[in-house]
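The structure appears below as structure tokens.
Think of it as A, B, C and D in the order they're written, each chain with its own count starting at 1.
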Amino acid sequence: MKVGFIGLGHMGAGMAGSLLKAGHEVVVFNRSPEKARPLADAGAKVARSVAEACEAGLVVTMLADDAAAEAVALGDDGLVTHLPKGGLHVSSSTIGVELSDRLAEAHARAGQAYVAAPVFGRPEAAAAAKLFVVAAGEPAAVERVRPVLDAVGQKTIVVSERPSAANLVKLAGNFMLASVIQSIGEAMALAEKGGVDRKLFLEVLTSTLFDVPVYRNYGGLIAERRFEPAGFAAPLGAKDVRLTLAAAQDLGVPMPFAGVLNERYLRLLATGGETLDWSALGGLAAKDAGLPD
Amino acid sequence: MKVGFIGLGHMGAGMAGSLLKAGHEVVVFNRSPEKARPLADAGAKVARSVAEACEAGLVVTMLADDAAAEAVALGDDGLVTHLPKGGLHVSSSTIGVELSDRLAEAHARAGQAYVAAPVFGRPEAAAAAKLFVVAAGEPAAVERVRPVLDAVGQKTIVVSERPSAANLVKLAGNFMLASVIQSIGEAMALAEKGGVDRKLFLEVLTSTLFDVPVYRNYGGLIAERRFEPAGFAAPLGAKDVRLTLAAAQDLGVPMPFAGVLNERYLRLLATGGETLDWSALGGLAAKDAGLPD
Amino acid sequence: MKVGFIGLGHMGAGMAGSLLKAGHEVVVFNRSPEKARPLADAGAKVARSVAEACEAGLVVTMLADDAAAEAVALGDDGLVTHLPKGGLHVSSSTIGVELSDRLAEAHARAGQAYVAAPVFGRPEAAAAAKLFVVAAGEPAAVERVRPVLDAVGQKTIVVSERPSAANLVKLAGNFMLASVIQSIGEAMALAEKGGVDRKLFLEVLTSTLFDVPVYRNYGGLIAERRFEPAGFAAPLGAKDVRLTLAAAQDLGVPMPFAGVLNERYLRLLATGGETLDWSALGGLAAKDAGLPD
Amino acid sequence: MKVGFIGLGHMGAGMAGSLLKAGHEVVVFNRSPEKARPLADAGAKVARSVAEACEAGLVVTMLADDAAAEAVALGDDGLVTHLPKGGLHVSSSTIGVELSDRLAEAHARAGQAYVAAPVFGRPEAAAAAKLFVVAAGEPAAVERVRPVLDAVGQKTIVVSERPSAANLVKLAGNFMLASVIQSIGEAMALAEKGGVDRKLFLEVLTSTLFDVPVYRNYGGLIAERRFEPAGFAAPLGAKDVRLTLAAAQDLGVPMPFAGVLNERYLRLLATGGETLDWSALGGLAAKDAGLPD
């Protein structure tokens, strides 16, 4: 298929590469054009504007946050303007429910289809086509883009006909990851202050109940207090917790753990943690217990 | 080895059975004697008192809570009184750090050894010798009981020379499980109120980031709102969170998630949840969101 | 002075009445015109549109929420459009910081002045000119409207040259009131479950440390569980906590108490509390403790 | 009346002085005897032991914490041993409900009466006989000591026939004070980061809704970040919150605000705040918002 791809950060570049490997004809666009070079070398065509990427009729976007996603889709020179009638926008960015609903509406008004398809997985998984894709949208539109979704991930789960439901699921997943980080942080501070070696404690956890990469990876970062360089930066984690709470507010769902996480991310960012990995939240517990860095 | 075994509940009976299968000579004792029958059929000798079980010189206890463990060990007719000098007490019960410290002191004064060896795993794992054992105590004492620990579990991890450190690790682990329950509860209520089917949401979680029995099992109970019969009763879960906070208080470790969990377990117990499984905590989030039962 | 006054709810009607009593020439407007009648009888001129009220050059607004305030000020037929150049808008509504900043900007672009002047006090205080006014804006503008502010309140405190700072102070004050409600609720549930009569407990509080109407009034409502009819409805209290948290988010201020309040208001509203007084939050603690209604 | 008085700290010395001024015959005892000197000068007899103070038949105790109160009452040379049959112990210390219940039981077994009569007020109020006394116990015993209670306070409120109920009310009151401190801290950090001067913000609060010494005093300390010297030390405040939560745990009362306070006091004490005033809790909010000290 012919696919436009906008947003070539760590995740987007990997996904676009996977599309190429699967034999799709990919037209990439990125605000900073140098990021397109490796993909051009791998066979992608490089567009000079969003409009040019839109000529493919089907465009996948993978952008950093709501502001970028809103600008690319709803801005003057954006997707809604340049996609043809009958065109389709697949939004894989982790964005808020409210914006996703607005995108759905805008595309519908323009006679275009819209599928939300955020993904779980890290950049390496994106490059290896091993992501998990959570998709939502009108069944016909979802079917139409399935070859694209299958090319970037190892599994596609369709959760609703309403696109924003996929964004909600993605946010809920990130909320659960942040909860893992916080619970490891508290438990490890307790064990350490009680005289148990941090890595030994982590070994107990991950060789018994929590034998899964999420606990091993975040637990390792927290045990080693290795929060730089950031794999997923604290401001991004903070943003996802905030968007989770915004959705909870609109839907009327009380979330006490999410409230604790939000308060602590605000503190992390206000006290010098802007450049750290989001797992640095797990380090606050040790700090609050008076443990040495 | 000759081993006394006191406390034949679901966990204890399985562990005593595993000891028999491994070829140990086991003398069992339980307050309600009928629970000893199946083990007698399997070859155990049945003691009529704690004192008689103490004749083995080495006694494992697996009791329901601090009160039972305190009575059996420190009571007038208890282990400290009846174990011979040089005897050894292996406490596998999930008890508080403070009591474990008192047991260590009392046994030391009586010239006896004391090893704390709480376990992770359910009754089926106990019966199948698949538990994970977290042990702590003087190295010589731990070595002495290693054949016993190895006979009940698939792995033994020694975390400290101070016995109560093993109890602390066990409590920290149960705190982390309760955190999993709460985070699933909040996330699932959010997804459901946003129109996503609960089981579909759980499938997303467990086929991606959280592909591990803990999430599958508790997630399943919460998705189906199946909190009866209790696999692990809410009052026991509440007790472990309380003991975690008590240890945190004594050690000076602030634990905001544990505080939220404690408050919610108190509510669950005060409003009719005494007979439910401890995963019913995950059902409160849906209730608070106004979702139907 | 000639003053337009828009928004004749319980608070606004009292304030407009105070302006009349102080000798000002008042032109009132309300979406539902019947609310203007008593003021007309007292000497007010009744405008048929926002535009007509704007002829006064100086307009005070007292509206229910951000949506109403935004529509009246920024809507097609709103204040920004109809106030003359050099006109002045005094916004007394309890609105968010973000909206107040947008109003300031819009009026500035239109060559108009803007003062935020939210008030503390109940409808009776409004009618008796006993409100406390918290004002912020350019010094010249604040001086110009001082006769109006002094006519509705017993004291005017100017907190900043940036209008939205007054809104922030008002929100912070309402957050503190909600904290009082929650703390009384928890303490009273504890005392009651410990066998102390609720009213006796309240008497202890209000005759010692907390001898002030806020504690007496909310404490009385909570002690009597008298949450209907609503003096200040739960959705309005919930909204103010939400706006407080929104400001805290934008400014980077972690507020754990505000997080707890927000979560509990969401629960109150999602479980049937929409028509209750906002002090019903204080009743949740008793409910969670299993106390009878 | 003849009255023994044990515990001559800031509060106790003031109370004993008030008893003398009211014409009672006072026999004082303090572990460090030099604190008795000023009272001896004012006419008190100085006892050399708890036993000697007990000869009065009626003994008031005002001690720092549960450990001191337990030692003086239940220790080998304590009140229960030395008070005559028919003697009466008035405990004014801020102690836990559980200890108060044990004291009641021990005195009852010894044929002695026991009244709990904790007080609200600061040392100056104690010296000026302006305390508020919260009393509980058997009606006859309470009546018997009323002249003593009336001599130290401006008002005595009897809340229950069960002595520990008075301790519960005192703890609930201190929980409410800690809630005031925390809510001021959060609100003031928000206002300050929004550009409002801290003292101006406090003036708004205390000239409107919160016109009461509690808010003025703690607000002033927080606005000035003047947490030394401690009027009421952080470890004592932390202890009272902990005892509140212990009572809540035993009675089955979920208290989310108390949980937040407890977590934050643990942090304050674990990170260098041991010598500060308990209002330093209100300074954490500013710190977490990244505001300068």
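Definition applied: a residue touches a chain if its C-beta (ideal position, glycine included) is under 8 Å from a C-beta of that chain, and two chains touch if they have at least 3 such contacts.
What you are looking at is a predicted structure, and each value in this text was computed from that prediction instead of being measured.
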Chains adjacent to chain A and to chain B under the stated definition are C, D
So, comparing C-alpha centroids, which chain is the farthest one from chain C?
B
Round to the nearest whole Å and give the separation of the Cα centres of chain B and chain C.
52
For the pair chain A and chain C, the C-alpha centroid-to-centroid distance in angstrom is 39
Where chain C and chain D are represented by their mean Cα positions, the distance between them in whole Å
37
Junction residues of chain D, two or more chains touched:
248, 252-256, 260, 264, 266-267, 270, 288-290
For the complex, which residues does chain D have touching chain C?
97, 120-121, 132, 134, 155, 157, 159-160, 162, 164-165, 168-169, 172-173, 175-177, 179-180, 182-184, 186-191, 193-197, 200-201, 203-205, 207-212, 214, 244, 247-248, 251-258, 260, 264, 285, 288-290
Chain D-facing residues of chain B, complex:
242, 248-249, 252-256, 259-260, 262-264, 266-267, 269-270
Please name which positions on chain A make contact with chain D in the complex.
256, 266-267, 270-272, 287-290
